[in-house]
Amino acid sequence: MSEFAFLNGNEAVAWGVRLSRPHVIAAYPITPQTKAVEKLSSFVQNGEMDCKYLHVESEHSAMACSIGSSSVGARTFTATSSQGLLYMSEGLPYASGARLPIVMMNANRSIATPWNIYGDQMDAMHVLNSGWVQLFVEDAQEALDMVIQSFKLAENHDILTPVMINVDGFVLTHTYEKVEIPGQELVDSFLPAIEKAPHLMNDQDPMSLCISAGNQHYMEFKIKQHRDMFKVFEQLESIDRDFEKSFGRSHGGAAAGYRNEDADVILVTTGSVTGTARVVVDSLREQGIKAGLVKLRLLRPFPSDDLFELIGKAGAVGILDKNISFGFEGTVYTNVNSSLLQKGYRGRTFNFIAGLGGRDITKENIEEMFSALLEQKGETVQYFNMGCAL
Amino acid sequence: MIKKLNARNIDAKECFYGHKACGGCGESLALRLALKVLGEEAYLSLPAGCMAAVSFIYPNMAFKNNAVITPFASTAAVATGIAAGLEALGKEAPLSVGFAGDGGTADIGIQSLSGAIDRGEKFIYICTDNEAYMNTGIQKSGLTPFGAATTTTPAGKAIHGCVTEKKNMFEIAAAHGISYAATASIGYPEDFLNKVQKAKECDGPAYIHIYTPCPTGWGHGSEITVDLAKEVVDTGLWFLAEYENGEFRLNKKPENFKPVADHLKRQARFRHLSEIEITQIEEMRDRKWEKMLKNWG
Amino acid sequence: MLKEIRWHGRGGQGSFTGAKLLGTAASLHDGRFAQAFPSFGPERRGAPVLGFNRISDNPITDRSEISLCDFIIFLDDTLWNERYYDDLKKEALILINTADSSLANERIRTIDATGLALDVLGLPIANTAMLGALAALSGETVTREALVEALKSSLKPSVLEKNLILLEKAYERF
Amino acid sequence: MKDFKMSPRPLWKSLSDVPMGSSCSSFHICDTNAAWRVFRPVMDYSLCIGCHQCYLLCPDGAIHKEDAKVFRIDYDFCKGCGICANQCKPGAISMVKEDQV
Amino acid sequence: MSEFAFLNGNEAVAWGVRLSRPHVIAAYPITPQTKAVEKLSSFVQNGEMDCKYLHVESEHSAMACSIGSSSVGARTFTATSSQGLLYMSEGLPYASGARLPIVMMNANRSIATPWNIYGDQMDAMHVLNSGWVQLFVEDAQEALDMVIQSFKLAENHDILTPVMINVDGFVLTHTYEKVEIPGQELVDSFLPAIEKAPHLMNDQDPMSLCISAGNQHYMEFKIKQHRDMFKVFEQLESIDRDFEKSFGRSHGGAAAGYRNEDADVILVTTGSVTGTARVVVDSLREQGIKAGLVKLRLLRPFPSDDLFELIGKAGAVGILDKNISFGFEGTVYTNVNSSLLQKGYRGRTFNFIAGLGGRDITKENIEEMFSALLEQKGETVQYFNMGCAL
Amino acid sequence: MIKKLNARNIDAKECFYGHKACGGCGESLALRLALKVLGEEAYLSLPAGCMAAVSFIYPNMAFKNNAVITPFASTAAVATGIAAGLEALGKEAPLSVGFAGDGGTADIGIQSLSGAIDRGEKFIYICTDNEAYMNTGIQKSGLTPFGAATTTTPAGKAIHGCVTEKKNMFEIAAAHGISYAATASIGYPEDFLNKVQKAKECDGPAYIHIYTPCPTGWGHGSEITVDLAKEVVDTGLWFLAEYENGEFRLNKKPENFKPVADHLKRQARFRHLSEIEITQIEEMRDRKWEKMLKNWG
Amino acid sequence: MKDFKMSPRPLWKSLSDVPMGSSCSSFHICDTNAAWRVFRPVMDYSLCIGCHQCYLLCPDGAIHKEDAKVFRIDYDFCKGCGICANQCKPGAISMVKEDQV
Amino acid sequence: MLKEIRWHGRGGQGSFTGAKLLGTAASLHDGRFAQAFPSFGPERRGAPVLGFNRISDNPITDRSEISLCDFIIFLDDTLWNERYYDDLKKEALILINTADSSLANERIRTIDATGLALDVLGLPIANTAMLGALAALSGETVTREALVEALKSSLKPSVLEKNLILLEKAYERF
């Protein structure tokens, strides 16, 4: 039986995990992820979840324990953020190369130094090459639902790739909203017990894992991994369709448009800022301005086809980046541009850097972005809500 | 011989001021006292943790000294890097000091600490132990004691608080053959001052582990922070000892212990404990003392 | 119709609990939509902190900070400052927990929530009373009934009854 | 012994005013902590025996030693934790609610 | 007095470091970087270098010690590779945010799993967002010279940014060639003692470092860092000009062309494969084919202007990536595309993935790349020297 | 009582075969012997290091068991992750074993090991100590002994080999209050077999530290690997001991030591040592024994 | 007791033949180590007293125990390190240069 | 004129030292350009390994592996195998260290380098002798004089003299 609750994003994730019945959780606390692991610990300490919870001594070990438990076929969850994500970053390509279906929440937060605990997406961008599926959610409900979907996706025998669910720090992790918690029976039938993949350790046919491959073999392992990742697009859509059948809610595939079909100008977003942008788009539409949005739900694999289709004939595209690659530009921008160049897109693209270190992104900021697009004015890379001149 | 330090003869100057720690914070007292001995010439390294969080909030800098926040895992590495840098630049007798919490010491920072001690260079490491990850909201660390409720080991229906015992950081540091190691408590401030003094004088690496109650994380009134820190020694749940020239020494051998239950019940984190669990805690204490008295007696 | 609310309190005083209860009431029991979110800084217990609510008849997707408010609630009169007038929308109100009713004016309502709480609960925990006052000032923001349900679903039985009384008393002040 | 200057909060007109690196002068203090206090320690100098305990044990170092006998509370930075009062054996310090002083 | 020696890339780096007279070296061994730190150790143990050498227990501590020593103004060197680079990756944005002029050699190597010790550039791509200057060298002489130049660059008070010198694993680190070792006096006058930057720790005016900045301040710190990074282009060129005056050799700026002016098709390369590509270009030119090269010496800051200028009107551009971002494409390709889109480049671009895990990149492979460009045929992303079909 | 193991009654089956270690490699002998006791049901975790490098070279897999290479720093974390996973999946009495070199144990892996011991779950950790980073070409580790020449501590003109002493890993493991810890040497193979057996039987975490000469790294003939490993115990430069139920025990108390100089001179890494340095080494040994005999006697 | 099958080296026609993950069956052995040997241990069974030392101490496990008395060297995997010969007290094993056998 | 050379040996046998000496001689003492690089695998001491050289009159920028060779040198006849004929350029030669001169043919030259080395050095270290042989077979690849200089700059004085003699003796064999 489903029920409603007033939860923050962290708690919603914890509920998604609880309902997915993982065998093992290994995690290390870090703001703003803490409430998620605290909630999970309390489920475990109260006997509401039957699961091994490993209180590891660091994130590097959180990932390593996860690698261990996933290697024997146990459903495994972990969660981190920011410095923690970087500290475990050796383990990320390790796990993806081994094709271990670990699911992780990353509570998006800025990176030191200066230290700052607030939300931007710099952490996720640091590990974009790690071979993990990188998913971004927009609200607490989606966070909960995508945990369940992610296990299904990661464990699919065609995919067998770990999934990172990015949940904007504070803005989502600490904001309470009404969330529907699906009934356990429903989840159980949607997400059955994990089916152990044949390449993992097992007693019948012992396996050697995380082996070494010389220059004669390595490249094929990696290209296989790379090509398999593209299967995520189709699987995600099909999982979401099934999800809708079971739960009556759906979240879409790799990318989603909002009032984009006839848009003259489009803003590309990831994560929670999309919601604020919707408000702005609606008000611009009321003023007769054809503004639209494209939300990227996946950054890896990168949905070039969907993106191009959704952008259609918009005359200018702005990419809102809550991150920056020092000495270049925002990373989503770089990715989108590459994809658009290949598709032969001929409009102009702008990069809007905003929200670093939790700097508020106001509706006015987003209006400014749209007017930069409409008038095609200003620098290619622009900074928003700065407290001083450049 | 070195002059014994006490409340009257310590430096009246403050090197740690205006920080944003909770009122009655035990850790901040430990830092303040240590700096009375270390002086403003000491170079300070603090990893992520309450003390770093409350002392470097731009534009409010609470240390008078040169000071740096280190990556959470890296207190000792940064501190020895500073020492090496200063030495290579020709500074005479540079003093580099790391201050880290229990989590930053016994968990994520233990490797860097172990490596630094092993390299054998002079630096001081002070672990301020409040028995949980406070900065992030009171999660269990390797130094959380048996029975304590934290946000990751709540007093649940199936599991009743923290099930593991405190890691023996003092003994682990000593097992490295470190030049000087000691335990302390802000409940015995003058003992602590003099141990910091010894650490400062000694040639190689030194480690001091100080017990620092946290009103916010333990759930006690801010005014009894120091009381609790004294009581914990008097109940035998914590001990004052030193390791020097390869030998252990107990600084205080209680005749008999103050009652444990009263002490625990003053802290919200222990309030759920059953009598059986409290007895278990007493037994653990007795086993520990038996061993200490036998081996270090 | 969107209402935006800001709470001022001190770390440890329960201002965010108030915001959570308000959001719970509006979204789970008034059949509306709500957000509740804290401000969060490295300062510790005792330091001034903020909490926020958005309440609306329609789904709320706006994730930006709240600058102009329909209500600003002060859990402690020492936190009140004239400059906060600037943060009000038109027709917005300020609600201050204080024994000093002389603070009241056109834009300011006062209530001695701590006093009431000490009376009823025996503890200086002001947030339930502030919620009662808010419901009285604007049923459009939250109804008393929804707050009652929210208290029932959120509080431990041992403290529930007294809080319901407190809510009621505060509600009746306006 | 107060040993820092209260610095004004920095104002940035342009990026060149922003500090290099993630550095700031040490002991650069702009904000007091007075607003944190609910109770205020008040000293009755007539009862004080100069035992130094309050000065020794204040976590905020907010009790300054002016000479071996005179201790003064810096109310800009005292947070009202009550340790000094609790440790003062002769009861020379009492904690008074802020709005009652 | 300069002298010639037959050195491999690692030894050349070690000589560059020795001549730069660092105060502190903190490093942890990892193939294929080991011979560099071994050589440095032996200089120290033989009293040929006056320097503190810290035998740290891990790469995370290597970076942390470097942060410590650089914080007090000591000239600091470290070196790593692959897993080690990832293991220290929390420290990289830490150091760059603190504006510490550390110089590091990264011996480029593939990333596990599978394990593989050979050279590709996946490791460097993992840390492209870390705020370090990322330089790639082509041979042992350049490796030696760029160590010296890098200290000068990093320590420049307008730059104050750490520099990572990427040296292709095995292909450069283990290949011996004739190298000119400049005389110490020459180096001393080119690279004087480090001038301590005012934001670092010092006894006169104590500083707090690596502070935290809330959402009111963080973004400005980061945008400052970002904008300062672009000053590297000019400084690097000026340093190289001075270098040429002192040493009679020069290596150029952020990017360099080879027979590119009139080229119909251009291949973009990084690092040592450029040399092999030169041989192919020469032979194609002999056949009358207008093939050219553009070598990117810097990936961060990314030299958009230089790149576009060097590519000019070439009809098709191929980007050779010794790395892959799983679920997308090679990372240099993504970067180049973004830059070209902004410049309005209208030709087609191809991505040639090669050399993963040390897979040989043959002259024939490069010829195939050029013919793909000439005929504009095949998939946009192509894989080379694969041992099996896709 | 558990049957004592010896050369005759161990399992004749090989679980470690066809590996690409150097001829006469001490580490590979330690692994082979341990697996005779652990059996093919054990799940193995090996970090980067010689043993991982020579046993998983696609397509040649040298272990019969389920086995995994772990990140270099992560032996114990992966091993406990495996144990947790197996347990959660309902496997009865799963056996998870980590094998790591001295570098992987005392340096980069010590944090993960410390954390895993602290969690208190059953797993076995075997440190194969060849006193340097061999896989990467003989660099100094935290377990490289005083005086040894390695590629990062060559016998130079200014500094004459390694200047630090071996980290006391056995004592450090014991200071964690581990269930079982022991030292061993492949020169005393049957002693080792029985210690592995004890580790297998014990309830919580177990740590065994075994001395494993490396002909390539130490510069000795491959045929004397086992000889040296016996001799090192007989000279007193290594020791056989156990820690069980909180107590230390020396398994072998030599009446008098074999001469150190002869032993050292058989190894190229020590050939540069002066007589004074050799005397220094003897003094260190004597100090260590004095302490051991006093405290564990 | 030899306990593995020599597997043929895998051949990949397409990516679908490449193993999933970075995994391989355990004890999948394709290549012998015989080429490493310069000296070969040769057993003189008449001198062997069955002490088990050679079998116990071979790092490559290349001396198989067929029964309590008979030990056989697997020359496919023996690397010729000489430990067995060195440890054999009765001198039943001698090391012979490969090109002299 | 580019020469490409491959060395076959066993880990620990010094084949790469040979390649390094050859490169040193050509580049530092013949005034030409040279590369020397090893193959490198996880297999250990005793396992077969390779070393490579490129030598040319012009700067060498090619960084690809060497597949077809001008010379293939075997430090040990057990490493020789017929399939290596395929790796030869036209007019290329194979040089094998063996006492079995019957291996020699149109493409193969043999020399008992180990025997010579045992005679001269008292040690079975074959690479100096192989270099001497190579110089004799192709002065275009490397000159004897350059090799002498390379030995002088690379070897410890204690072993130099004998190695020079060994080089000479091997050189004279062809």
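Just so it is clear, A, B, C, D, E, F, G and H label the chains in written order, and each chain counts residues from 1 on its own.
Keep in mind that, in the parts below, a contact is a pair of C-beta atoms (placed from the backbone, for glycine too) under 8 Å apart; a residue touches a chain by one contact, two chains touch by 3 or more.
Just so you know, these numbers come straight off a predicted model, no measurement behind them.
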Chain pair with the greatest number of C-beta contact pairs: A-E
Chain separated most widely from subunit A, comparing mean CA positions: H
Between subunit A and subunit F, centroid-to-centroid distance (C-alpha), Å: 43
Whole-Å gap between the CA centroids of subunit C and subunit E: 56
Approximate Å spacing (C-alpha centroids) for the pair subunit D, subunit G: 76
Multi-partner residues of subunit G (each touching 2 or more other chains): 12, 15, 18, 21-22, 24-28, 33, 36-37, 79-80
Shared interface positions of subunit E, touching two or more other chains: 55, 57-58, 60, 83, 87, 90, 94, 97-98, 112-115, 117, 206-214, 217, 220-221, 223, 227, 360, 387-388, 390
Per-residue overlap in subunit F, given as positions that touch at least 2 other chains: 20-23, 25, 52-53, 56-59, 61, 63-67, 69, 71, 73, 106-108, 110-111, 114-115, 118-119, 142, 164, 215
Touching residues (chain side subunit D, partner subunit C) in the complex: 33, 35-38, 79-80, 98-99
In the complex with subunit A, residue positions of subunit E that touch it: 60, 83, 86-87, 89-90, 93-94, 96-98, 110-118, 122, 125-131, 133, 210-223, 225-227, 229-230, 232, 300-302, 323-329, 331, 333-335, 337-338, 340-342, 345, 349, 353, 356-360, 380, 383, 385-388, 390
Subunit C to subunit A touching residues, read off their complex: 20, 23-24, 27-28, 33-38, 40, 42, 60-65, 67
List of subunit H residues in touch with subunit F within their complex: 12, 41-47
Residues of subunit F defined as touching subunit E within the complex: 48, 52, 56, 58, 69, 71-73, 106-108, 110, 133, 135-137, 139-140, 142, 151-160, 164
